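There are two complexes below, and they share chain A, which is joined by chain B in the first and by chain C in the second.
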Partner chain A sequence: MAALLAQLLLTGLATGAIYALVAIGFSLLWQGSQVVNFAQGDFVTLPAFVMLGVMGYGLPLWVAMPVALLVSLLVLGVLFRRVLVQPMLRHGVMPLVIATMALSIFMENAMKNVASAEAYPFPGLSGGIDLGPLFLDWQSAVTLLSAVLAVLALHLFLSRTRTGRAIQATAQNPAVARLLGINVDRMILITFLINAALVTLAAVLISPAYLVKFNNGEAIGLTAFCAAIIGGFNQVRGAVAGGLLLGVTETFAATFGPDQYRAAVPMVLLIVFVLFRPQGLLGRREERRV
Partner chain B sequence: MRLSATRLALGSGLLALIAAASPARADFTAPDLQIAVPAELSGSGASVGVLWRDGVHMAIDDVNAKGGVLGHKLVATDYDTQTNPSVSRAVIQKALDGHPYAVLGPVYSGSVKVDEELTKAAHITEIMGGEAGDLTTLGDAYVFRTGLGQAQTIPPVVEYMAHDLKAKRIAMIWVNDDYGKGGRDAFLADAKKAGLNVVADLSSEVGQVNFQADVLRLRASHPDAVFIYLHEEEAARFLKGARQMGVAVPMVGGTTVIDSQTMKLAGSAANGVVGFSGLATGAPMPAVQNFVQRFQAEFHVHPDHNAIKGYMAVWMVKAATEKMGKPDATGLAAALHGLMIEPASQPGILLPMHVLANGDVDNGGFMVVVKDGQQHIIRIMKPSM
Partner chain C sequence: MSHARHAAVLGAALAALVLAGLVSFALQPYGIYLLSLWAVYTIAATGLNLTLGYAGQVSLAQAAFVGIGAYTTALLMPHGVPFGVSLMLGALGCFVLGLGLGFPALRVQGHYLAFVTLALTTLAFLVMRNETWLTGGIGGISNIRRPAGFASGRGYEFLCLGVLACVTLLAWWLLRSPWGRAFMALRENPMRAASLGVDVRAYTLLAFAIGAALGGVAGALYAPLVQYIEPSPFSLDFSLALLLMVVVGGSGLFLGPFLGALVAVLLPEWLRFLQDYYLVIYAALVIVLLALCPEGLIGLAERHLFRRKGRA
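And then the complex of A and B:
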């Protein structure tokens, strides 16, 4: 039994690590420019299709990955901000939320029209290592390691570099940050670019198991959104904690709970947190006067 | 005036050229026969629905190229069920409002179950791709299969597990919809008779993307073999997850585990999987192989059993209509019941087919193993007609 629990924990952490990467994007965009991006799941699907497209020309994955990253930085970073966020943000948060919902529908249908409604295989790692009662498959190991490294790199960037601290200052109070001479627009753009890079990494890690399909973003987007809320929407480390907690909870619930209700786990957890700890695991309370 | 005459001559010539270049519409003096084709063109079942639709279209082109059905041209209208039973019901109603000669589709059992009462009420024949056992046990005289139902496909699978594999402990994973529940119930009943012990009974959802927890539960049950009853995409995801986690016991299932879509998506993870199908694209029959080659050439994808089903559905309509001697939409179902269709008279019926009294069909079947991404027939079951 202990071996099974340890195996479940390991598997849950690997799943949760991907949720965390996507959830961090939610958190970053919210802190940077008050954007709740409901197209975030589709942001994961797009680079996966770009990589498939590049590999369709006979090129290997390691060539396709930087191409997808470039496309993501341009489309999901620069264009997303310039074309959708900037014009809509002046009308308030809610119109922008609705705009990202519309973007999600548009992206799904565009990907379906271009790549058809079929699922596509994506290269991944097979095999693993038997550690006595535990089995560590290479794909989960790489997923976990990549996610940990990405989160660590992001943490170091935000806390140890001048640009990172400027981004944090912008997130905390853009007006004061501007008074201090920080180029707020540039900092916000960098958060969008970081998000684009994170979803590209998530695409590489998740696509071997999930396959690549135009509507994959629905599931991962919703789960990551829940993870961000559960962890604390206004804290990057909260998004990490929320993602991991959700991954582990989902895995345990799917193993020991009734199969038919497993899809409801993220929502149930979300409701519990909203009711009893609305700031999330590691989030800070925010008050707004109207 | 001279200019007008020149224009007139040029115009007439152009019209003559267009008429010459157009398909020989004049060959069809009789009114067109409208065929409604509801299928899963989007949503989680799109990979199978699209193949069904393409199979139907290919057959309609073939039939029309040979003069149609008793001189009537077949004209298809596609409808997208979005792999959603409630949408399926709505589009079938829309299709029936257009007074089709027959309804060919959909593929998913859950959709068929909610829409078959509409075609029954309209006295319009529905030839569909569903495999759930109860689709033809509800007393609907207007619904027909194009391939074997679960009552025919599950027993050979159980027999293979019990006698060929000598398995005792079985873990099963199934999809929680009409297709999956029907397969689970049929398997449990037959497994009990065969003395198989089901040690893990795992349900999953349509469109499920993460099977890691299921694989862990399966591993923990220490089975001798695994019975898989999932749709194609989910089967591929499960196989990849199981192989990734080092599951090495034999995996056996229904038609979908050996489907070309599953093989394509699962890649090497599908190797060694065994399944039973009434219509296998790897069947060593010239008619089947010819179909596979033509389908690939036309649509640039490898067909699966759903493509064959869609293709044969049109030829079933043709055979029954020719039996009646005239197109009669309300009489089509009666003409199909008990009909024995031979490839010699209907070349699009790739295998001899007996339409049974309840709408099931019997055309034998194939036990297939996947090797290097290809179907290899390990046993051929002859039809019991």
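And then the complex of A and C:
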């Protein structure tokens, strides 16, 4: 029993680490430029399809990955900001929120038309290593390791480098940041690029297990929202905590609870948190802005 | 807005209903069905417009409320409950659920209502799909009968239009009452409204709950219209579609949902040659519209007319 629990914990943490990556990107965009990105889940599906497309030419995954990263940085980072966010922000947050919903519909149906409604397999790592009662499969191990490294690198970047601190300052108060001589526009662009990189990494890690399908983004996006809110919206640490918590809870619920309600776990947790702890696990209460 | 303009807006809405009724005499059954569907969508979108357009909060639960209204009617009518009563019960259920859900969500600033309502739609869909003993699961509920006297296509269309007329009058009265005026103040500037003594949270909550109830009314009409319901029309996709209807027509404008629902019903028929590309193009058009004019098509038309007048 203890071995089973440990095994589930491991699987849950690996899944949760991927949710955390997507949730961090979501939180960063929210903090950096008030963008509530309802297409965040589809942002994970797009690089997965790009990689499949590149591999379709007989190229290996390690070639496809940088190509997908480049496409993501360009399309989900620069273009998303220039074409959608910037022209829309002057109208306020609400039209932008609705526009990201329309973007989600657009992306899902475009991917469906190009790639059909089929679920495509994605190369991952097979096998693993026996650690006594515990079986550590390579895929989970690599997933956990790369997610931890990514979060660590991001954390160090945001807290230790000049640019990182400028990004944080921009997120906290753009007006003051500008007065201090920070190039606010560039900082926000970097935030978008970080998000694009995070979703690409998430695509590499999640696709072997979830396969690649045009509407996968719905479930991934929903879980990432929940993770961001449960963890505490205004913190990167919060998104990590929320992602891990959701990954573990979901894995346990799927094993011991009714399978058809697996998708309900993040939703119920979300409602419970909004009821009893709206600022999330690690978040601070948001103050009103005039 | 002036009194005259308010009255003109109401007149335009009611004229549209009369026109829809008259046009049906020249239409095939499918056209009549589309007009009935338009009325149902308009009711749901008008409810959502209270939340989105006037209270300024995104709700993604309207599909769930329509679903709850639809299942309530479909489940109660075979037990001899009259249509009107089951419609009221469905609406009441949605109202209470809206209060219960909105109360905690609206305590927090930001887009919490959007996330909580997103969760509700997903949960409601799972219950409709999985609780086969109650909802029939993916098999759904078939042979839903229409109320006596409204069994024909045109008869039922008149019923839908009649209910829409009641909803229109109710919404119009609501928005012009002192309550509604406080509501508008809220949309223009919540901080100022709060400083003038408007209880922002109570108003927003009530707007959301009334919007939810209208979703229930739309659902109650939908079930006997199509006579067969299953979970898939009430998924998140429909919530998004309803949101887009409100913004396409013009969110915060009384006639916005009327026009947005019309576009949503007719455009797929006209653009049938696009087949699978319809949603891609529709979504892209909505984004362009939002970037150009967040007040939707009506806003766009008003701006255009105004500019013409200014030049002349």
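FYI, the second predicted complex is superposed on the first by the 288 of 290 C-alpha atoms of A that agree within 3 Å, B and C clash if a C-alpha of one lies under 4 Å from a C-alpha of the other, contacts with A are read in each partner's own complex, and residues count from 1 in each chain.
Assume a residue touches a chain if its C-beta (ideal position, glycine included) is under 8 Å from a C-beta of that chain, and two chains touch if they have at least 3 such contacts.
Every value quoted in this text rests on a predicted model; they were computed, and no experiment measured them.
Novice: Mind checking the superposed model to see whether chain B and chain C fit together on chain A or clash?
Specialist: On the superposed model, which is not a single observed complex, chain B and chain C fit side by side.
Novice: Could you say whether A:4 touches chain B, chain C, both of them, or neither, answering first, second, both or neither?
Specialist: first
Novice: Going by the contact rule set out at the top, does A:112 touch chain B (first), chain C (second), both, or neither?
Specialist: both
Novice: Quick check on the superposed pair: does A:210 touch chain B, chain C, both, or neither? Answer first, second, both or neither.
Specialist: After superposing on A, A:210 lies in contact with chain B but is clear of chain C.
Novice: Taking the superposition on A as described, I'd like to know which of chain B and chain C A:263 touches: first, second, both or neither.
Specialist: A:263 contacts both chain B and chain C.
Novice: Looking at the overlay, what does A:74 touch: chain B (first), chain C (second), both, or neither?
Specialist: After superposing on A, A:74 lies clear of both chain B and chain C.
Novice: Given the touch rule stated above, what does A:152 touch, chain B (first), chain C (second), both, or neither?
Specialist: A:152 sits against neither chain B nor chain C.
Novice: Could you look at A:255 and tell me whether it touches chain B, chain C, both or neither (first, second, both, neither)?
Specialist: In the superposed model, A:255 contacts chain B only, not chain C.
Novice: After superposing on chain A, what angle in degrees do the C-alpha centres of chain B and chain C form at the C-alpha centre of chain A, to the nearest 10?
Specialist: 70
Novice: Touch check for A:121: first (chain B), second (chain C), both, or neither?
Specialist: In the superposed model, A:121 contacts chain B only, not chain C.
Novice: Once the structures are superposed on A, label A:139 by its partner contacts, choosing first (chain B), second (chain C), both or neither.
Specialist: In the superposition, A:139 touches chain B alone.
Novice: To be precise, I mean the smallest distance between any C-alpha of chain B and any C-alpha of chain C in the superposed model; what is it in Å?
Specialist: 5
Novice: Would you please give the residues of chain A that touch chain B in one complex and also touch chain C in the other complex?
Specialist: Shared contact residues on chain A (touching chain B in one complex, chain C in the other): 112, 260, 263.
Novice: For a test of understanding, state which residues of chain B touch chain A in their complex under the given definition.
Specialist: It comes out as residues 41-43, 46-47, 50, 176, 202-205, 207, 209-214, 216-217, 219-220, 233, 236-237, 240-241, 243-246, 261, 264-269.
Novice: Name, in rising order, each residue of chain C that touches chain A in their complex.
Specialist: Residues 52, 56, 58, 101, 104-105, 107-112, 114-116, 118-120, 122-123, 126, 129-130, 191, 236-237, 240, 243-244, 247, 251, 276-277, 279-280, 282-284, 286-287, 290-291, 294.
Novice: Spell out the part of chain A that touches chain B in their complex, as residue ranges.
Specialist: 4, 7-8, 11, 14-15, 112, 116-121, 124-128, 130, 135, 137, 139-140, 208-211, 213, 215-216, 219-220, 250-251, 254-255, 259-260, 262-263
Novice: Under the stated contact criterion, what part of chain A meets chain C in this complex?
Specialist: These residues of chain A touch chain C: 36, 84, 87-88, 91-92, 94-95, 97-99, 101-106, 109-110, 112-113, 218, 222, 225-226, 229, 233, 258, 260-261, 263-264, 266-268, 270-271, 274-275, 278-279, 286, 288, 290.
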